[in-house]
């Protein structure tokens, strides 16, 4: 709860500019809005600097459109993740301004190009990891970070990674998307000095167990400086990397 | 590989100040040292800004002492993690300057108090999570970050957490150590704007399966901005938080 | 076995009003009915106060209709759970009086509105948890409990939950449906004084492993007063909550 | 937060009987106490009717004694669970009034016999399940519920269970502790009308996987009215059963 | 290898009625037939008394038909298990004499009604377990055992099982098919004196994990005399029960 | 319940030789005895032909001795399984007649040598599987079956198994104890015509996961006629094999 | 990095035939080619003797065709694995010379028949394992090894395997593909003297858990000389077997 | 079975130099020796070129000594793996000639130094992996292969590995022992042309789950040419590598 707002409210009450019942109501009317099937957390933007993000998977198209319309009234650059083509068609029909990143499966509502600051490296092990890597990259870019992409640099041909090593080292944060054994996160973690966010992907078969192998691999990374998000959670990795990059940029400006 | 050093080497060769065999040897003599049972990565400090850290678990006392002595010749504030009392006794006997953090199970060899910069919040759910939380806190402090500790603020009594919320929000990075269901990481992740590093602990019994429940809980956090390290890996969490904090501090200075 | 009925039977036998073979037959003719593919447990209503509930998943449409028709002869408010639209069409064609709750995927055969007594809170973490939450709510309502719904109050924006805290506290029992990390059950369990029934949902992806993460999270809840049912088992949670609520209401009347 | 207290505070402020800084401080001074390694949630008793319970496993003896001493100043019938004989010796030395239930591994500090109300049935499958069953029984009794014990009535000799069926049916809530396949919870759930709290135990070997088999068995119970707590969590089961029993008793009085 | 056949072969060689190369070839020409994609084990019938059984799942329709045609030349009552309707259509088109058991998903090629001897009880917990139970029953009947079916007698209404207890006790072997928690195997195992073959089914959802809960439950049965086959392996259970029943019948004749 | 006993009871009641209260009591006084911590199922012997077996693991020595003493009053050849040397010392001190099989970890109380009938083959893969194999063998022998042991015939040297194949084929039932990959059960299952009871052992390391690999291997046996008991459950395998062997012998006599 | 090339480069630099910037660029221009979505590792062929292999699963058809076209410019016998019929149609339309192995799901681009050297045995347990076995066989043949196929020789009829034992023993390496319990790898490993590569297949159901049972079985093989690749990874097994076979052949020539 | 021996036997029979009963006996007297608790497979040496290896774990000291003594009569360089110091003391007391490799936990009975041929690289990720790596190295050396050790070259400091790359490439086979995430196997697999045998170690904690993470990582290696043995199975890896190395050396000689 915002301490200064609370102080103003209490001062108003003290000065008699606010009666008790209004104060009680205000103290309870926290900033969210109830659509019945969803409570839109409009407070989040104040709290964390990013407006609410909508995970489309598991919601009906009607719910997605309804939530998006409501957030769109007050915010820009709203992220709708895991959005299929079909979802985009419905959102596009209902909302004037929106943009679809097909590989990343992200819709941006009210897209507004921000100054892209700092530098985030998004690294992927193989071609099949691209949807997850792009989810991270588009998320970070939409939130205002500059992103360099290094795709298909998996450890089976380590010279490909060493080749881009100097460029990698310029980033304030690195996202590493890898399936199968997920070894790339450890190798990158051993090469760079910035925080590495590993995002295991479900790419693989058999004993990859839907990304479990890559997840365990990254969690057990022998290189320090590697933390991990959920399997295929490109959004989460891009978001975390953006938080770090933004903090560095804000501090330096 | 350091591009500028390579340029100098090549220039020396061109100028005739270096013969080919010496150049070849130098290109191959990468900076590490082979003790037989360990290759000390003295290059790491240049690469990542932190000297090699020794995980004591799984090594013999002889190996630990040997490695520590060798690193101690050139570095200070060397971290020996998962060090039992018995290990400390042996290290203390062999090395003049070292310090033991018993709860954190960390030995610092050649301890030198650095200016502690910025602010990291280390949050723990319960009293039993303290060893892991302390491992994170001591790691970050030894590397040069300032740390605030918020212990025993688990979600079963959420007012304890809300009470410290304003202080939490001052941190550049937060470490959340929690066992059992690990829900604290999500709740903190929803409250603060900085990156949160969740470290699931093995505290619990039965269906906690040695920390698996907390690990899965944190990986599935519904709050964005949470990334996760291995179960009980307080060191990794403190290290990652320090990287973030240091980057912010360096940028602002 | 009902002790008083047994006594009457034995007395009739003693008085000669019943011959031995009839007594034997009666002792064996326990109250169920064999349809070949199903034995309808008409005794359950006497034993537990609720007539047999039909889980549609895994049964053929013919079996569902046959079982429903037979129970419908003697009971009302019969619950058919996990019923698809297709199942409803078939049941509706065969049975005059039935009602479909689409989100809850429940058919009520011979629906009869009971006085809804007491108060059960059904709480859900996100919009995607609604089918499970509704299964719990409709089950409890059909069995005769009054239900308040609190949807989309997940821990990533904890103020949404705190906002409804006073209303939550009025319930005799609370059902908490949450996927992903399932942390909501612990937080609610720490806030209310009534029993909490956690129902983990399969909402999530990757390391949610089909609801396993939420299940383990709830089982390891650091708040006492939380018990758990199977993943997605909204029916079981609503049923258990109704048992508690009904016992309180009956005791107080 | 207590709405009426908030109103009084606001009224005092309005009347000038409280200045703003005091109001702010009061709004923040939530009722808990910080021992450094633990924050004692003295508010819990107001919130849930039960004072904080101490899980000894994972804490040092010094921490246990410290926490117990502090709670003991204001509360009675404080439960210290998973307490070894060694812990009891230390607690006994530090606190005048305490009592040890050896099989249940529970210490009660400031024990005060309450009127034991209502009826809870604690049922166990085998002799080896007794420690868990006793943990549930002693918890419920200490909190003020009357308990009937039905031990060693596992399903391999189902007549033993049927024999006590009439007595079982008198309970307001039943706790069923069973290891191995945990089938007893389902069978009891099918026989009684009250809520059943299943507590899987780690009794067994091989493919019991430390209680996993019993846990999964109880979660998949084909009888409705069964909810489940963590493996070996007798405390949680006894607590939940007490909440239900108390609600029924309070309502009826 | 058949010792008497070997003796005859050696005698023939000794007598000069067989030359060495023929003897060598005969020693190597073991009784199976190579179709390229399958080696038909025509020796099995001699070895185990049952001709080779064809598991259709995982084979192409062409392979199934080819194998069935070849075995059909020399055997009757050939079992083709896990056969879809589509497989039956193809087999029926290619082979004159075959019969389809739709619920059991079994095709019998060259069906010949044997005298059905002894008695096997096939017990199932719920209506949804019928396909697996029927697979067991049809297997045992086709191999020559008499089968009594007891369906939908799950433990949630234990009186249904007790009602048929006398009939159950007449069997030489019992098959118990149950999903969810699989408790029925333990209860039946505690009631009867004959061997019980438990077959866990994949009926259930959530934490049944595709039959894992029932499998673990049956393996941990607290009743002795229960052994277990693979999830949904009705064939294996019926086969094992038939072996037992046949041995008893043969011994008694 | 025994139908003929029930008829006699009812006839007595009808004739006036029994009053109603006695009849009610008799109907309830099922044959077991309550020791407080254990209910001895003396009915089991009537029901299944084997007196209750005591699993020592998980019971205190006092409980074991108490239970053994009570059963010993009425039965002979009582099996106490998983009995350590220490347990034997205590039992021996309390009960006159008992015998210890050290490798099998079985105590037989009131040992009486029965005519050993029929033939059971107990086969083990390696030397380390002997304790489990012996548990099976001693169980079957104590219950009255004749046992042939075939130890250390694992599939890595398949000629060792083929060598004993003719002897194996004489058994009415075979127990196969194997750890590691448990392949022996499939190979034996393909060679013999009698039922095979596989007992996976926890022998192995790493990815044997305490016997899980052998368990899964046996459950997925490609040979029909193999059923499986819990990991290390030699008792259960020997018991099941004895049931089969006894049925065959009884039928033939 | 190739030491001799490095020497030449340095000599050129020393001689002045190369300027520093060119040397730097050359040192960085490692041999791969960036298509944006893929970096083709043309260096691999020099390094390992086999050109890059394309795993089609997880890639779009456009990506597969693009990668294949690029590699096809410089290489022959390029393997495209896990290629569906649909992928083949697209590749065939874009590239002149390619060949489809339908059962193995492999496309060979620029197929050129090499001298097939040495001998690899590819052994499979059942008909359903053929796709995986063929993937191994076609891989090894395309790379230049001679392959003998031994299909459907599973352990349930061990004489089928013993029959081909002499032929098996001629191989320099053996691939064993088996699903279900995967026992065949151990049995073959015990019979032959050459290295055995086990490839567990996902053939099976229930407790095969998608090949996990076979995988664990093979990893725990009691026969030495068995190593294992991922579930269904016929390519990996064939590749490894080819490496061994080629090394033997090269050494002998 | 050896075809030529069989021919001689049959010829002797034909010539009358052998009677039928002797022939039968010889055909059955396969070469192994039965110690009661173990059947020594003396045939293995003929079959696979290596005498039987004794895994000490799980055997009693008496059994180990007995087996070792018996094999020692006819063989040299007998490997006793997983031998503790205590086992060595007992073996040394009973057998004249034996040698202990403490780190590798291997006893060699009748050690005889063979010409060490070819070249195997044994690579380990960290100091803690040394016991497993040494088990592989000593096994291969004892069997007659020349071994180069590359220890502590894990991927967190990839330059350490690149430094030894040229030496690695000289091997005919490489063993890679790594715990934690096991990424080293993939990186080595991408660098060398020879077969790589990965041996995951149990080094690690938390989500390494006893080596599971490393095991899954290696099985999912994105580099072809990597096969895997059981967790901590240094023996198996060394054995497999020796088979490959020996085949290459034999072929070339």
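The first chain written gets the first letter, and so on, giving A, B, C, D, E, F, G and H; residue counts start at 1 in each chain.
FYI, a contact is a pair of C-beta atoms (placed from the backbone, for glycine too) under 8 Å apart; a residue touches a chain by one contact, two chains touch by 3 or more.
What you see is a predicted model, and the numbers here were worked out from it, not measured in a lab.
For the pair chain C and chain H, chains touching both partners: A, B, E, F. Judged by shared residue numbers over all numbers used at their interface, chain C and chain F contact each other through mostly the same positions, with over half in common. Chain D and chain F, compared by their mean Cα positions, are separated by 38 Å.
Inter-chain centre distance (chain G to chain H, centres taken as mean C-alpha positions): 25 Å.
For the pair chain D and chain E, the distance between mean C-alpha positions equals 49 Å. Across the assembly, chain E contributes residues 1, 3, 126, 156-157, 162, 190-191, 206-208, 212, 215, 219-220, 224, 230-231 that each touch 2 or more other chains.
Interchain contacts (touch definition given at top) occur between A-B, A-C, A-D, A-G, A-H, B-C, B-D, B-G, B-H, C-D, C-E, C-F, D-E, D-F, E-F, E-G, E-H, F-G, F-H, G-H. Residues 3, 6-7, 10-11, 13-14, 16, 20, 23-24, 27 of chain C touch chain F in their complex.
Contacts from chain E toward chain C in the complex involve residues 126-128, 130, 151-153, 156-157, 159-160, 162-163, 179, 203, 205-208.
Within the complex formed with chain A, the chain G residues making contact are 1, 28, 30-32, 34, 36-39, 41, 43-44, 55, 57-59, 63, 67, 200, 202, 210-212, 215, 230-233.
Those residues of chain A that touch chain H in the shared complex are 125-126, 154-158, 162, 180-183, 186-187, 189-191, 204, 206-209, 212-214, 216-224. Of all residues in chain G, only 1, 3, 47-50, 53, 162, 165-166, 172, 190-195, 197, 215, 219-220, 224-231, 235-237, 239-240, 243-244, 247-249, 251-252 touch chain H in the complex they form.
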